[in-house]
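Working notes for the structure below.
Chain nomenclature is as follows: A, B and C, assigned in order of appearance, with residue numbering initiated at 1 for each chain independently.
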Amino acid sequence: MQTQLSIDARIYGEQLDTIPRDLYIPPDALEVYLDAFEGPLDLLLYLIRKNNLNILDIPMAELTRQYMNYVEKMRAQKLELAADYLLMSAMLIEIKSRMLLPKPADIEQEEDPRAELVRRLMEYEAIKLAAQNLDAMPQVGQEILVAQAYYHEIVAVQPPSVSLEDLMAAWQSVLKRASHFAHHKVSRAELSVREHMSQILRQLKQNNMMEFSALFAIETDGLPKLVVCFLAILELAREGLVKITQQAPFSPIYLQISHAD
Amino acid sequence: MQIEQNNIQHMKSVLEAALLTAGEPLSLDDLLRLFTDRMERATLRMLLDELKTDWQSRTMELVQVASGWRFQAREEYALYLARLNPERPQRYSRAAMETLAIIAYRQPVTRGDIEEIRGVAVNPNIMRQLQERNWVDVVGQRDVPGRPSLYATTRTFLDDLNLRSLAELPPMENFTRAEIQLDL
Amino acid sequence: MQIEQNNIQHMKSVLEAALLTAGEPLSLDDLLRLFTDRMERATLRMLLDELKTDWQSRTMELVQVASGWRFQAREEYALYLARLNPERPQRYSRAAMETLAIIAYRQPVTRGDIEEIRGVAVNPNIMRQLQERNWVDVVGQRDVPGRPSLYATTRTFLDDLNLRSLAELPPMENFTRAEIQLDL
């Protein structure tokens, strides 16, 4: 299986689309080929494939010679890019020399010095193939187009949420500020009184004029509530919000919202 | 004839696939680019009209807008689709919260009262916001020149804050009496 | 009975409208939010299956990917639709694809792991590219000196490759091994 290399390169205006058959590389083209390989492992795989070498029984002398030949040319041309390649040179030479050492007779099962290199080459090749497979898969934005028709966007209006703590904090800051206005009076009427003031005003707004006794639900409201209701009416009158009228002593008392006239 | 019919169906399918996936309106020129064979604009228009009819009673409608054609979900689905993107709940501004607090604790109050307490003018939008939410309403007018509206909190306000009555609001004395001289 | 049938049809239409306009996969939870009435997940699945069948021989297909369901144009239209956008984003470089393959098949991995397998330094631009696409992210640190980041692929990566899980990735091949077998 010949390793596929995709190259987009021109030399003297000529499109190059294959790797040359032998290892001779025109000096001007070196950079191009350097870019074509993804690193020393890729180059080694290329050499192994190209020369039909058995990866499980790599002839180290031959592979190292070809590799060094290549790297020497790269070095002459583009030193800084060759660092990873030089490291591999050192490794190859080390493996080669270990293989040349006579095996001591008493150690029979010593691991093949090439084992680690072979493992790495095989792992790299598997990844390289996996990368090609991934690249060939349909991708969203390329071959896969996802439906995205238009729709009229209604923003589901969600009103701000308010907690009692929020409200308390706001009131506290109001009071703090109010204390700076020396002339302002913040009276401290009971909240329930103020609530009843609102309620009575609401009722009067609806009915225009109401009899005093109609404002009290004597049967259902307890005494405290009746008192609060009465205080609310007094406060409304004090603040000039309602007008209280009685035609004659002991005749019905009427409440109505104050009018300017 | 059969082939022609198939061909028309196929071209309509290509148009449909393009319009459903485009994400923006496609102009007639865009759509013509879908076909390598020369196509008359009149033919394209005819195909679009047919496609529009095909979708007549379905979930999407094919419409023409300024920059071209697009599929869009029918109006009746808008409400459902809105549920997919719930807006993050907003927060009331500090001014709105203070206004609300004043109305709750000091009701019934006029805008003038609120302005006097806060020391700044009340933004009419805030009052509208609170009234639209039905948290605040007008319960009467104060009998002074201009007859300003008196605002109070509503039943809905109590319900939304999970209160039975205003008396259940945290009493201000707890935390204010010490620091504020209330001018009684 | 008639009403029930109408109701099912209506729910399917709502699902269709949502999925045709979403532009991204919608999860079962997303889809359940479309309906205010309580719906069982099993019912929803059944409706989705029916919808898938309804679209069986049409322009779009309803597919399930890692983060949910989406409508996508059938592959046969890809060729036409490509003509609309002649300038599509370029595919990734070999270096980027190899880096991605290592992260996909060997995750979680550190940069050191990637460099060890590829035999060259990792270009930081490639990692940035993959992270910006939201195909890769950091899932932790390896507990060794320097605490290097551990990278893994994301759900978006699976979605974009039309996969439901990593198990659906094409199996790792080992050409070398296969070839050697023949020699024996």
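One rule holds for everything that comes next: contacts are C-beta pairs under 8 Å (C-beta built on N, C-alpha and C of every residue); 3 or more make two chains touch, one makes a residue touch a chain.
Note that the coordinates shown come from a computational prediction; the quantities given were computed from them, not determined experimentally.
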Report task. Would you identify the chain whose Cα-based centre sits farthest away from the centre of chain B? Result -> C
Report summary line: Using only protein Cα atoms, the chain sitting most centrally is A
**Report entry** Rounded Å distance, chain A centre to chain C centre (Cα mean)
**Finding:** 17
Report task. Provide the C-alpha centroid distance between chain B and chain C, rounded to the nearest whole angstrom. Result -> 33
Report task. Between chain A and chain B, tell me the centre distance in angstrom, where each centre is the average of that chain's C-alpha atoms. Result -> 26
Query raised in the report: Among the residues of chain C, which ones contact at least 2 other chains?
Result: 17, 20-23, 60, 71-73, 77, 81
Report summary line: Within chain A, the set of residues that touch 2 or more other chains is 145-151
Requested in this report: Quick one: which bits of chain A touch chain C in the complex? Just the residue numbers, please.
Outcome: 1, 6, 38-42, 54-56, 84, 88, 120-135, 137-151
Query raised in the report: So in the complex, which bits of chain C are touching chain A?
Result: 17, 19-24, 60, 70-73, 75, 77-78, 81, 88-89, 91-92, 94-95, 97-98, 100-102, 104-105, 117-121, 159-162, 169-170, 172-177, 179-180, 183
Report task. Report the residues of chain C in contact with chain B in the complex, numbered from low to high. Result -> 13-14, 16-18, 20-23, 26, 30, 33-36, 58-60, 71-74, 77, 80-81, 83-84
Query raised in the report: In their complex, what parts of chain A are in touch with chain B?
Result: 145-164, 166-181, 184-188, 190-192, 194-195, 197-198, 201-202, 204-205, 239-241, 243, 257-260
